[in-house]
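Structures are listed in the sections that come next.
You will see two complexes here that share subunit A, one where it goes with subunit B and one where it goes with subunit C.
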Partner chain A sequence: MNLTLNIWRQANPTAAGAMHQYHVQDISEDMSFLEMLDVLNEQLNEQGEDPVAFDHDCREGICGSCDLMIDGQAHGPEVTTTCQLHMRSFKDGQEITIEPWRASAFPVIKDLIVDRSAFDRIIQAGGYVSVNTGAAPDAHATPVPQADALKAFNVATCIGCGACVAACPNGSASLFMGAKITHLGRLPQGQPERDERVVNMVAQHDHEGFGGCTNIGECTAACPKEIPLDVISQLNRDLRTAIRNGH
Partner chain B sequence: MAASGLVFIGFVLAHMYGNLKAFGGEESFNEYAEHLRTIGEPLLPESGLLWILRLGLIAALVVHVASAFALWKRASDARPVKYQVAKRRNSSLSSRTMRWGGLTILAFLVWHLLNFSIVKINPAGGETNNPYQLMVDTFDLWWMTLIYLVAMAALAMHLHHGTFSAMQTLGFTQTVAARSRARLAGWVVAVVVAGGFSLVPLFTLFGVIE
Partner chain C sequence: MATTDTYLNQPSQQQSDDAHGYYTPGAPLVDEKAPTGPIAMRWTNRKFSNALVNPANRRKLNVIIVGTGLAGGAAAATLGEAGYNVKSFCYQDSPRRAHSIAAQGGINAAKNYKEDGDSVHRLFYDTVKGGDYRSRESNVYRLAEVSTNIIDQCVAQGVPFAREYGGLLDNRSFGGVQVSRTFYARGQTGQQLLIGAYQALERQVAAGTVTTFTRHEMLELVMVDGKARGIIARDMATGEIETHLADAVVLASGGYGNVFFLSTNAMGCNVTATWRAHRKGAYMANPCYTQIHPTCIPVSGEHQSKLTLMSESLRNDGRIWVPKKAEDCDKDPRDIPEEDRDYYLERIYPSFGNLVPRDIASRQAKNVCDEGRGVGPMVGDFRRGVYLDFSDAIARLGKDGIEAKYDNLFDMYERITGENPYEVPMRIYPAVHYVMGGLWVDYDLQSNLEGLFVAGEANFSDHGANRLGASALMQGLADGYFVLPNTIRDYLAHAPFAPIDESHPAVAEAKKSVEDRIAKLLSIQGTRSADSYHKELGHIMWEYCGMERSEPGLRKAIDMIRELKADFWSNLKVLGTADSLNQSLEKAGRVADFIELGELMCIDALNRRESCGGHFRAESQTDEGEALRHDDEFAYVAAWEFGGDAGQPVLHKEDLLYTAIEMKQRSYK
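Our next item is the complex of A and B:
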């Protein structure tokens, strides 16, 4: 496959960025999207140019590092992470536009890499259980209904990649917050801190400069882990309960 | 946004129902309009209840518009650099046009109040103190009916997303089934309200109501 790539290049957080066009030849459709970018970077290295900086780590779809906006879709056209996106999802001769996540809370560090530490600070504000809940055998001491365990597990699959923010027309991180609040709120260990968790996480979310949710639903379509929209409803209900309880 | 929106859903449902009195003829329609002013008498003064409702609606409008602009500002601050290519894959047109659609409805509301309430402008130049005649004269003009129908289309879209979004914001959509019920409620409210409102102008224009 031969492809034309339009890529956002930005030397550092304060520099003005711009789109640059590159051409890559003989790309195999079995390559992952990141391997295709590796080919481009080898080519740029040979030409003595600065390679395109992009985030990646596990390349197994579980770390959430490889955040790229591909043709206006977070992680590209498939419901998966960019590392698990393969070139067979594209056509020979196609022009592909690659941009970083766009959010004021996710400032660009270089080229396609953004700083997502705002997510860490939201988790630090309340996305945890403060006490030691024991080792694996202790799990039997606290029975959890299967439906709750399943729901908690399904939303605990959030990898914090930020695709929800990237896809949201409002730049809101409500799906990310809702996933953590639903995950811990479904389990007995999460109950004592449930009210302060939602209040503190929402306060940190707003402080970081994320937008407000208007329930448009783009986040859930972009989520590589298919977190459903009802976690935002759970977030809202928990917030309402917390306010009623005097938080 | 959600709480004030629910106030408006209740209001448009009641308003739409009242408008259907036009099918009962001039007497039925005008009597209903007069009745609105005398509900609660003698406990309340004339138009007493009407003013209580009006104040409630004005308060809801202020809250609704202020929240909308606050969300709008937050959204534009949250993404100062726009995407070169943006694709939508899971959002309804109505959800993406809430802000401009809302402004359209607000502009329509100003005209609607001038037309039928505050000033009572008769665009055909006829009498203005007979509510039924004012309504018939207005909708006998095809372009007036068109303006009202366009506004009802904007209202339908606003209600379609707004009803669902309110349920979601108030935390009533915790399951897949509850979420589809809320989406269905959005469709039902939009079709019933905008459809019900559109009947009177259309039937007036085509001479059934005269």
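Our next item is the complex of A and C:
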């Protein structure tokens, strides 16, 4: 298939960016979206034009590196990561618009690459259990009800890609944060620090410039791992409890 | 080396010399740190005899750790907790994205929670045997020993392993092992373990003991007066070349499977950190040891950038076949009658059938495709795929039964190929998945260079010539949480080391060499992209140094790689500048190192005239065409020393001697 691509090009964090148009030919529907961009880049390299920079790594939907806004949808038209999106989801002759994540907490570094280090700082604020190596009791010392373990797992599958932020009209990272709060809050190991964790993570979230949640739900619709909206309810409940407990 | 221990085997004596003319024989290599005495007490004794570092002194000691996967992330967190001053580097934009995250199956540990006869000794035995007796027994025993601590640690961190109704941890049997010792979190065990290590790491960042340098790539090792004292790294966002100095350097930079271009590794996985160290004197051990996984989604076309693995549990219910006649290969498989199908694994290996080990399943798939009986699209001159057919299993267990077991894998397959495997047989083909080779380390995980430690897949590891399923995660975390933090202190206890700064001639020279190399890559201004060279290298490696190797093939490959290298340095085209984010430049530097590594892998494979573990040498097979190992000649670690750009690599052999385990040949007929 032949495609027209409108791509955001921006030389560096301070440069003004603009949309540029490119054309690619003979794209196979079995190619992944990123392989289609590889073809474009190989073509640009031959023409002596700087290839388009984009983040990607595992290309199997688990590392969370890839992050393209495709025709206004985070990760494109399917519920999956950009790397797992295939060209059979598009039609011959289609015009496709590709942009970076847009959020003030995710500044553009170059072209389609943004800085998502704010997520790491939210985790630093409390997204862990404080246990030093070697200090752990036997793994069977504390049984965990299967339902809790399963719920914790289901939300721990978050890949930290940032699609939730990109999709949110407020640029909120509540889904990301709620997933971690719920993961650790569902397990006995996460209880001692539960109040402190939510208070500190929310404070860091706001400090980074992410917006507030107004229950729109775009985040969960865009999430490639289908993290449910109820993690945000859990986040709010934990925050209220923590404040009531004097945090 | 021990004098009091009784060995069950003799040192090998190599008779053949296939790589004659390609290498220089070097002095024998001895692991000076090898422990002696009863195998079960060796690690305990070592931990006791290793020197301690006073807590007040730890914060004055600086450790650089390159890589944030299971080994690097765990080591950085643990050394930070102990109070050392750690700098942690990764090329990704966050430590959480290291490729350990993609591991699916599980992690082994000798917990014996199932009371099914498992023990530290059995895990040790299975691992040495599975590695075809090409690993060090003391290292493997230690690995089995600390495996139980890993599970405790991860559970305490909140890793949500699968549990039974009673709330206790679930286990499964994995990779043909007869005990259930594999802990798992659905098909995302690597992700959950890595997030555990990542969170522990970020906790130390908050505590101020660890500083992370993301989007940073190590481009040179700094050696001062014979000791590893730092790295030169490039800030990939700004292009700035930075000098980072320390008291010790740990490389936990993963494996080099991407030398084959197509592999299940992440796109960014590379050999540069370890290869730069190799060029500075660190020995590269058993570089030809590669693991090729049989159940991957086949290549669909020339633009394929990576391969995706599907859990080999699929082979429990799927039947593997190809058409008997080449002319049937482009037919709809459902139209090929039973009598025209060749269930070749069931035919050749009646007792194991579709459950033969990974290397055998992979090699036979290649054989039938090479015969022209492969299925799926033509890629180049071949169809590279075989059917994995679930129709019998669906008839037996019902569609629901298959869905319950494999639904996520079937979905993934359909998303990538656009075919519904409930209706049409899946197509699979082997892909490079893991490397057992890596930088040589002693029992303390220190390379032959003082102060340079290597952990996880980056070292030549504990897996011998073949890694068992669910053992990669175990080794990464064993090294990172429990082994390295206990061994590196013995080295750091020798501090303070001579004070150095950026003006030291050796430091300045290292930085300049990096700048010169980048300038050189940008100045060639030829016609070909780094990617095109990478693809060509991958074809050569896959064809001649992949599943089956032969003497003439390897010689041919070495010539081809040398030509490719010359062309690369005269005809490469890299656009953009050094002082900005430049993905083409990053790629070019990595490909340059892959090319050099590829040559060494071929020389190592040429020298090792035996079929062993995951690799098969055409010249070493039984009358029935099965792998034939030569313990009399090759029961050694091949540790290669860099011989200079114009010279030849130097081979140092470390004998593998066993006190606790007896060598046996594998048989799956």
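To be clear about the criterion, the second predicted complex is superposed on the first by the 241 of 247 C-alpha atoms of A that agree within 3 Å, B and C clash if a C-alpha of one lies under 4 Å from a C-alpha of the other, contacts with A are read in each partner's own complex, and residues count from 1 in each chain.
As a working rule, contacts are C-beta pairs under 8 Å (C-beta built on N, C-alpha and C of every residue); 3 or more make two chains touch, one makes a residue touch a chain.
None of these values were measured; they are calculated from a predicted model.
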> Counting only touches as set out at the top, which of subunit B and subunit C does A:221 meet: first, second, both, neither?
Replying inline: first
> Does the superposition put A:210 against subunit B (first), subunit C (second), both, or neither?
Replying inline: first
> Is A:109 in contact with subunit B, with subunit C, with both, or with neither (first, second, both, neither)?
Replying inline: second
>> A:93 in the overlay: touching subunit B, subunit C, both, or neither? Say first, second, both or neither.
In response: neither
>> Taking the superposition on A as described, I'd like to know which of subunit B and subunit C A:62 touches: first, second, both or neither.
In response: second
>> Between subunit C and subunit B, which one touches more residues of subunit A when both complexes sit on the common chain A?
In response: C
> Given the touch rule stated above, what does A:246 touch, subunit B (first), subunit C (second), both, or neither?
Replying inline: neither
> Once the two structures are fitted together, what part of subunit A is touched by subunit B and by subunit C alike?
Replying inline: none
> Contact residues on subunit C for subunit A in the complex?
Replying inline: 74, 77-78, 81, 92-97, 99, 101-102, 111, 113, 149, 151-158, 160-169, 185-186, 188, 191-192, 195, 198-200, 202-203, 205-206, 212, 214, 237, 264, 266-268, 300-301, 303-306, 308-309, 415-418, 481-482, 485, 529, 531-532, 573, 575-576, 580-581, 583-584
>> Can you tell me which positions in subunit A touch subunit C when the two form their complex?
In response: 11-12, 28-32, 34-35, 38-39, 42, 45-46, 48-51, 53, 55-60, 62-65, 80, 84, 86, 88, 109-110, 113, 115-117, 119-120, 123-125, 127-140, 142-146, 149-150, 152-153, 156-157, 159-160, 183-184, 187, 189-190
> Along subunit A, where are the residues that touch subunit B in the complex?
Replying inline: 6, 8, 19, 69, 71-73, 97, 99, 102-105, 169-172, 209-218, 220-222, 228-230, 232-238, 240
> Okay, in this complex, where on subunit B does subunit A touch?
Replying inline: 1, 70-71, 74-75, 77-92, 95-96, 98, 161, 164-165, 167-176, 178-179
